[in-house]
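Note that the chains are named A, B, C, D, E and F in the order they appear, and that numbering of residues resets to 1 at the start of each chain.
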């Protein structure tokens, strides 16, 4: 099993969720995060003083899946979250050793 | 070492924390997240328009532990966080390669 | 590739970010979290009733990097985030199998 | 606000008219519409005072919205705007006449909607009848707001609103009838200028009965420990307190019921001064005591302290010297700091501290009247406090029990946990902040 | 507020003066500065009423700040303080005289700044001329606030403010001239006491025209579904509603335009009573209906219900009996519950429900005048409603179209997505909560 | 507010009484309590004005709660309710008499508690003595609120409150004595109608002295860069500004000190108009300038602009024509936009912009008096500005230094970092939002 972590622009959430639903990803977990990368926050002026915003709001999606489905999911996220503009985000994949569904105690593939 | 990630219902936090304390888990990190899964948010009506809430509030717990303690911890979380109802959440386990305590520089098992 | 996760005190964010910039870490993702560990929140009194605060605010930094840079980054974080006081936080390293830049489709080292 | 006082005011007003329209002008007066300064000033006092007391409804709403947890804020707002609306409707439908119409030294008036005379028939008093209704209506809503604060975060909406309807339509008006409606307490010489007991303790007793029947919030007390559930929005609570403080100038000041003579105007001014000093003293004592007792100033005690000072001075805001007003308010502030934790110890869950502020400081204020007003006696004041308490507490208790065993008054534990905003009214207060 | 009424008031005032200063005192009067109670009372009414209506600007600001999404809150605050400021400036520059100066049964007054007489020249009326200006100015700002609520979350700042300048400087004053400025509608006998149509529907028509030209927020309607975008801060919206409710006592009460005689004072008092009962009925009907229709009480409907009750009673707050005031307000509350979803179905995006509240309830209120006031006829009321609607809607539509095709009125989709706070004014409302 | 003016008012009032109670009615008058319309109207003006100025305390609280960071909001609320309370207490204890009792062309009055006469002894003036005390007390609190805003986010609670006690009990009353207490500045012909210098600059100078001794917030300036620390809650800041704007009608309007004659009433009305236009101009100039200079409208400048317009018109709200009032307010707005960044450059840390708003715009307003009032001269105005500045700044500086080296005034860097809410008063403002 793999754990896919995607950092995306906040307004892409619904598109991505729908794209994932379409390929039958039925579970995921979303966190509000702040990203630091090539895309910088616009520089702001507050009461006449300029300052640069280092962090931009992003969403982090975590999706646990069977290893076999990773590529399809990456593809779906890439298409749905991409705008071609800087700051579109990243997808990271790590190995998932064990999964448990708390309610039933089912494990691994059955727990996803 | 392993990193245990548990997605639970928010109001179970105290029960889970106490259950983990009981088996001497002395550290963990909590994040507020939104979950998408079998359990859907109730459909809401706002000013006469109905809409469905896709995401439900959850908490994510991250616990770094020696590999040997993983099963006991999973068991404790399962018991404490389970209500038997849909949406109770998941537990994921990944491998943790290195751990460092910032304050002392201690590493790995000693850093947990 | 590795994924470095660091839990730090909130007010250390800027110092850490600058320290990482200095060694050319150009991307990272920050999450607001609450930590439970040796450091407890101070006990509070509200309307004459005392209560203990279990969780303290922390920030979680996630940094995906080539394996070779891990040690330098850990060192930088340790120096920048350390105050020698309890609650300075932890650094965790896990293995990162795959990375994708959504905008370009670049993968792995090129995607970081 | 007693009938007695009203008659007095009427007398003064007639005298005033006599001054303003001497014989030579009488002819002219017959042709032109009457323009009696006393009538105009008194009516203005009621209208301005009424507006200020209406404004207190917003104050309670903000105070309570700030003192409950985020998950119950929309519900608290809903309760407050609904209770103010219902109070106004039932006080027209029956309340006013139960309170003022034909009480005659007895216990209760008449069950009839208040008749609002058309302007050119509005000649029975030294002020416009509707301006008086408006002012009294605003008082009535105050009593209901007190209940809403205590029982927050666990009571269901509709049973609460039913209780409010009875409280504002019948219970409060009966209490009012006894003194201000020239009922038996008035005859005995019980004095409660603007209602420390009549309004505030009434609300407080109803709240206490509710708290006992309803029980505490499930997260508050367990296994002998107290878990504070801090209010979600301190600036709102602060705003609410400032609004209430402001409204209190109307509450106490316009309870002079007349602005027709220099003496009236001076009296209203003195009331303003004393009201402000008492509130200020309540704040200062609350912050000093919380610093001494807990090593920290507690903002919520400062807010409650202001209100307790205000409630305490309400029974007699006119006769105290400034120094006495300060003392009366100061003791109000102290009451808060000592009795809020006491209620916790008794496992009585009062979300905003309304019982200490309105009931305890209200009793204190009522008992303090004889200190500065020689027309009052401790015995009579105690009888008044006791009579009002016995009646309101008993009737409320019965009513809460009836509601409990018919439609039910308490949300389920799950609703409480998730918050009433989502589970009862489906609307989060701050849907984007989490 | 009609010139007619003003003359009447003047007449009364002179009579009153006659009473207060009989022949024997005339000598003394020549030496001392004039102290005419009628002048003083009337002026006081305008000043207090004006303050209360000015306060409504804060109410709209809070209501709208609470009803928009977090990302647009600073912008909404900016719009509200700016529109109130601009309204005041243009109403001095041209608005007042367009509305009142030399309308003479016609359609429009004079384009000149309002002359504010120095105090010792201020003798033309039974009240201070500037107190009247102040009161009228506050009304004018109200109309603009309505537009701001409907068009929130997608309109650019500057074109909005340009529209406000024209609305307050010209459109609203022309509407006002027709009735209150003694123009053609006044001659026909159209009655709109405090402006259900003249103020509220005017704002509503301008808002509707804007909503049509501007289009809905991009997130609101797609592929046949409606996506509610819940307001970000319910206690602020509640506070805003309470502020508006309070301000309305000035809005309706001081529209009596005189407090010089007992009858005036009684009239103002009755207006207070009816205004409060109508609002209360609007709330109760809105919560009952939302419970029945949706199984849940909707706080935002309760808030809108209060306002709709207030708007409905505004056309005639004096003649209805309390029961009729309750009925008029209740129907206002019902209008909200039924027409808010209707607008959604028509794909008209009104962020705060200003069109149901101000336009629909305003029309209802105007048409309800003949029910209690025999001086009004349904036909004339309908003509008034129609004339005002046709003019305001058309002129606004043209103006919005011109703005659209010149400087542009709509933010880019990206700005909308990120929120106007960051993209247009670079200032988040709650920068630390996310 | 000068004694001089008070005597004048008294004269008018007596004349008025003469009119209202001609010889024939004298008999009746002896029997009935006195009902002197001048007394009633003047007292009413003070009471209503006082309420409005008291309301400004809430405005400052909300403005400051909105302009500080989340971690310091409860502290800011605590400071504001405490300072208002302390101001009221010390102004009774010594302040009022230091300001008004026996100044006699000199520099200071008497150190004694203000005597509040009982109503039937309240005959020394043309208004109730306590209504005047109430009004003046509210002014005094304003000066303290200004200091609280500038020094937010780093000053400890108790030393701040100690400073407030001295400011309100002694420093401000001495400044007041010089002009309004008929002291030496009044004799010289210095004019400051409602206190651009006497109230606002006094607060501003005290704040400036504090800012210099206390130093900037540690996060604000380092290595030559300025780090803005944006306010946490823009709608609260907006609400605060609207409250202050509203309160200012009382501040300036009731500073006419009389509503006894037509001329008084007209004057109060003109003051309302000018006050509103000046504030509106301040807003418009601030948004236009911030658009031109920074390419974006800055809401916080709009809010400060309103206040600067208000402060600027305060020294003379009566004599300017509307166009002049607009100009005076507009320059106030410009002052804000240019001097807020200037203070940053000087490394003076003023959290809410109180120094530009109250000190700089206050000086501007005071110096602008001769432009429209021929009784004033630039030289005398400059002397007044200088004398007040020198005294308040020096005394405040000394006091801050004493406090610094005795009990200490500054929180530790760690407290500042974590926020004063948690570290000083143990109560988060929004405990659930993070």
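Details
The rule is simple: a residue touches a chain if its C-beta (ideal position, glycine included) is under 8 Å from a C-beta of that chain, and two chains touch if they have at least 3 such contacts.
Just so you know, these numbers come straight off a predicted model, no measurement behind them.
Each step here moves to a touching chain, and the least such steps from chain B to chain F number 2. Separation of chain A from chain F in touch steps, taking the shortest path, is 1. Across A-E and C-D, the chain pair carrying more C-beta contacts is C-D. By residue number, the contact pairs of A-F overlap by more than half with those of exactly one pair in C-D, B-D or A-E, and this pair is C-D. Centre-to-centre, using mean CA coordinates, chain D is 31 Å away from chain E. Separating the centre of chain C from that of chain E, both taken as means of CA atoms, is a distance of 53 Å. The geometric centre of chain A is 18 Å away from that of chain B, both derived from CA atoms.
Residues of chain B in contact with two or more other chains: 31-32, 44-46, 94-95.
In chain D, the residues that reach two or more other chains under the touch definition are 20, 22, 24, 37, 44, 48, 230, 233, 239, 296, 298, 300, 426-427, 430, 433-434. Checking each pair of chains for touch leaves A-B, A-C, A-E, A-F, B-C, B-D, B-E, C-D, C-F, D-E, D-F, E-F. Residues 11, 32, 42, 44-46, 57 of chain C are the ones that touch chain F when the two sit in their complex.
The touching residues of chain D, counted against chain E in their complex, run 20-22, 24-25, 28-29, 31-37, 39-40, 43-44, 46-48, 50-51, 54-55, 57-58, 61-62, 65-66, 73-74, 77-78, 80-82, 84-86, 88-89, 92, 113-114, 116-120, 122-123, 128-131, 133-134, 137, 157, 233, 236, 239, 424-433.
On chain B, the positions that touch chain C within their shared complex are 3, 17, 26-31, 64, 94-103, 105, 111-112. The touching residues of chain E, when paired with chain D in their complex, are 12, 15-16, 18-20, 22-24, 37-38, 41, 44, 48, 52, 69-70, 230-235, 237-239, 241-243, 245-246, 249, 253, 259-270, 272-273, 276-277, 279-281, 283-284, 287, 296-300, 302-303, 306, 321-323, 326, 430, 433-434. Interface residues of chain E, counted against chain A in their complex, comprise 417-418, 422, 426-427, 434.
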